[in-house]
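Quick one: structure below, then a few questions.
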Amino acid sequence: MEDSTDVQSRVAEKRFKLTRVGVTGVKKPIVVKRPWGERTLNATLDIYVDLPSDQKGSHMSRNVEVSGELVDKTVREPVDGLENLAARMCELLLERHEYASYSEVDIRSDYFLERDVSGRKKSLENYQIRAKGEGYKDGEVKKFVGVTVTGWTTCPCAMEGVREKFEEKYDEISDQLKDMPVITHNQRNNTTLMIEVPSDREVEVNDLIDIVEGSLSAPTHEILKRDDEANIVIQAHENPKFVEDVVRDILSKILKNYDDFPDSTHVEVRSESEESIHKHNALAERVTTFGKLRE
Amino acid sequence: MEDSTDVQSRVAEKRFKLTRVGVTGVKKPIVVKRPWGERTLNATLDIYVDLPSDQKGSHMSRNVEVSGELVDKTVREPVDGLENLAARMCELLLERHEYASYSEVDIRSDYFLERDVSGRKKSLENYQIRAKGEGYKDGEVKKFVGVTVTGWTTCPCAMEGVREKFEEKYDEISDQLKDMPVITHNQRNNTTLMIEVPSDREVEVNDLIDIVEGSLSAPTHEILKRDDEANIVIQAHENPKFVEDVVRDILSKILKNYDDFPDSTHVEVRSESEESIHKHNALAERVTTFGKLRE
Amino acid sequence: MEDSTDVQSRVAEKRFKLTRVGVTGVKKPIVVKRPWGERTLNATLDIYVDLPSDQKGSHMSRNVEVSGELVDKTVREPVDGLENLAARMCELLLERHEYASYSEVDIRSDYFLERDVSGRKKSLENYQIRAKGEGYKDGEVKKFVGVTVTGWTTCPCAMEGVREKFEEKYDEISDQLKDMPVITHNQRNNTTLMIEVPSDREVEVNDLIDIVEGSLSAPTHEILKRDDEANIVIQAHENPKFVEDVVRDILSKILKNYDDFPDSTHVEVRSESEESIHKHNALAERVTTFGKLRE
Amino acid sequence: MEDSTDVQSRVAEKRFKLTRVGVTGVKKPIVVKRPWGERTLNATLDIYVDLPSDQKGSHMSRNVEVSGELVDKTVREPVDGLENLAARMCELLLERHEYASYSEVDIRSDYFLERDVSGRKKSLENYQIRAKGEGYKDGEVKKFVGVTVTGWTTCPCAMEGVREKFEEKYDEISDQLKDMPVITHNQRNNTTLMIEVPSDREVEVNDLIDIVEGSLSAPTHEILKRDDEANIVIQAHENPKFVEDVVRDILSKILKNYDDFPDSTHVEVRSESEESIHKHNALAERVTTFGKLRE
């Protein structure tokens, strides 16, 4: 029935099911429309389905066609959210790959938000956003949305060590030193938050960015004049944080902000500091469900 | 009891357990001694423990000390395998972090093997090897070892499409064309195999490299003279492979080669082709256990 | 005169001039309007000035302000070309850094063009574009524009080696083999072309992309159905190319296409093939002027 | 005379000279023996020659053979320095490519040195080293050697801004504040130094590492106990540095340390800070000769 050159549809010699088969690193512009405005994102997509044990190959050109049909038309009809686009792609993938029982789409993109610095200047800040869909043969589609925020952390441990030394050395001012932010090492930090979006709920990525950015010692900014710079250095040192603190503060805010999300909701948080004092990085991570967090 | 500057040992404000806390990207030379010889590897390590909900921070300097003690001494006493080093590090991490119930070590390194080309020339070929340990509070330690091999794949689907067109065009020779390797797109491929090593078994990475390299359309070589080049081009085209075929061939060989490994043994195989004909890559993957493969 | 905290304006202790001082990796969306349409690019910028020997530091926040003023306003007033934006930034940098005698701006971005496949399907293809400006104290501003195109190359040398072997083996068809494209190794190739734009001329990046894409063995496409795939495999094998051939073909076309550009016009071409048959890449490069090419 | 499949030796259709043609990303272990000991480096090499306008292709397999012959034998006969190996490869490349008038070899590797922390503990620290050779038809060979060091910088400008604010707020202690290191942003910094080695001189990479590491606000360490950490934080803040300061301090030390090197000696220094307070990096650079620096 199949034409002879449909090599993919032949019977596999070694009969093993494959977990994921597809294309990675597909680059596409995607137009997203949110209540507050429209954005053109330059996205990178990975698009997979599973493959049953008796079929030789997956028709990967169908993955790129699904991307072509749904992504390319966002130029005319903007999509209402990357995670919704990923979910619709998952559904269409299962239609086109009639042999598949699972589909998966992962979308990543740079993203920009205007931020105030000291209530005066506007600075356009760069973030990364990510969305993921998982489609199942029974019609279920899971959606996930996430952000990566670059900010900075100041080390509480080195600050205490220095404060002790200073209290010995500058004994007349040691009372005042107790209130004063003291030197420590601080560094660029990249923190990622990703959560599942229940089918009847919405998550705004700008909120996720606010949650993560507000959980670091301080945000980073592209433009800072001398006075802003001093203020933010003070803010960061009044707010010393381990990567452990960053992850826990985010988990705490997520539980509060999305308190009506079911126990099964998946969440992962990962905070990595490019330690100024070391050549290696420091990382803290929690991968879990809302239910486990509520225990 | 702890001195006042042990900020890590303070009680956490937001009481959430953390899945993994530690250091990433630690670079170290490691000397490994195998029955067939000794190698100095330039490795990169990630070293984690978990963190209970009531403790503010993990003492990350202990992770680097564990690495310092066990890795640095391999210069004098070579270790008998990266996975055994990872396992010992996991045990020592749980001793040093008395509050942890889980430890994890991931080690990656470049690796070299001498290869024959046409039985005449020796060529020193580059591979990546990887080992992982997971330590549990009850004393259990899981070990994993893996390889990434760069080879190449020739596409069977495009070959059939071209063959059909050639049979129309070169009709006089169409019988011979059936046996003859026909043009197709081919490309660099990176394939990763990682398997669990049961506590009473051994896995030789050189065997894993042989298994992966033998499952591609052809290996890649640093040095090829004109005649070798033609022979390997023919070999690759007599052996066209989808990434799906590569993964299944490896799974088949693994089951046979390690047939006494228990059903619980974890295995993952991932094959990614940097498609010459596309800007994106093609990927096939299976993550499973020996038990599932034996079904 | 300067306020005490203007540390940058202090006198340098070690009096050495610095070639370039500035910021790297600034991410910005840029809206570009060309005669054929408008595009939102997600760009990355490096922005430098030089620093005289007697001044301690460069005021780097001015670099980001110049970017903020000229780039951010493209959302309202699209710029007519990345190289023109780079040039205007260079001029403004020299105004703001009154001590500088040189300014430099480098802009890189992903870029997309619609392409026909077999005259039927549209496929949105990804490219990289780049622009550079160099500003001088005497008012001169040099502009450069460039592209990186991912395509593929088929090796002419291995093809000849195989053809010889085939002529021995398939002797009855050896006459026909002379015309027939024969198997060889082929692979993904990234080729970069960058040329200077004389102040009274214009260069269209779409033309540069056409020139580079047309100089490879064949273009790459995101979407290819089975028949297109076979046709492009044949096209690539009828057009075998060394990286050396790719560079020379581009140089030849550039000279013809921009034959009224002056001898001083800078040009650089770099073609790198991710060899399917080797673990290393093959690279050919020419960095020169139109005058030298015309010799 | 040449056999018919030597496609490279054919006459080029488009007659343009090529600046560099060769292989990139060749990975090799190299054994180096210095007066103080022996090291096995895992190196990556780029190997080029130029190509005259009338020859179609360069015989790239000769590049890998030259590497095979000279690099692989270092396992038995360690080489006395990466730059000497690069120089010998350049000479042999010109012998083997009889048509070439220029050859170039670039070698990069991770590198490790033991460092004391507070005179007590040993810590094995990671650096990158690099060597380059340039061969010319008249027999001249230029050699270059370089290092990249990861350390950290503390910002002098933000420190002054904060100090001023603190002097207003903590007026009773403001006299003591003048001596006390005050909070600022600090961050990981990567600094590269590369210098030409005159044919009758030697440069020890360990000296270059000392020069660069001593020019940053403080070094970074893999292992630091609490007390060491506080001391190094204080050291870094007593030594605030712009990237501009780092480059100039290195230039000053280089001139002094190698005061008998001729005016023609090439030198380049590049210092890049991964700003904790910004999402972008700060960079300072000088590319010049000893003669220019001595002016």
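Should a chain be cited, it is by its letter among A, B, C and D, assigned in written order, with residues numbered from 1 in that chain.
The rule is simple: a residue touches a chain if its C-beta (ideal position, glycine included) is under 8 Å from a C-beta of that chain, and two chains touch if they have at least 3 such contacts.
Worth saying up front: this structure is predicted, and the values here are computed from it rather than measured.
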Proportion of interface numbers common to subunit A and subunit B (over half same, under half different): same
Chain separated most widely from subunit B, comparing mean CA positions: C
Interchain centroid distance [CA atoms averaged], subunit B/subunit D, Å: 30
Inter-chain centre distance, subunit C versus subunit D - centres from mean C-alpha coordinates, in Å: 26
Approximate Å spacing (C-alpha centroids) for the pair subunit B, subunit C: 35
Junction residues of subunit A, two or more chains touched: 5, 26-27, 64, 126, 157, 161, 164, 222, 224, 226, 278-280
Of all residues in subunit C, those that touch subunit A in their complex: 5-6, 26-29, 40-42, 61, 64-65, 67-68, 72, 110, 112, 123-124, 126, 222-226
Contact set on subunit D toward subunit A in their complex: 125-126, 150, 152, 157-158, 161-162, 164-166, 170, 172-173, 176, 180-188, 218, 220-222, 224, 226-227, 229-234, 236-237, 274-280
Subunit D partner contacts - residues on subunit C that touch it in the complex: 4-5, 7-8, 12-27, 46, 48, 51, 56-58, 60, 64, 156-157, 160-161, 163-164, 242-245, 247-249, 251-252, 272, 278-288, 293
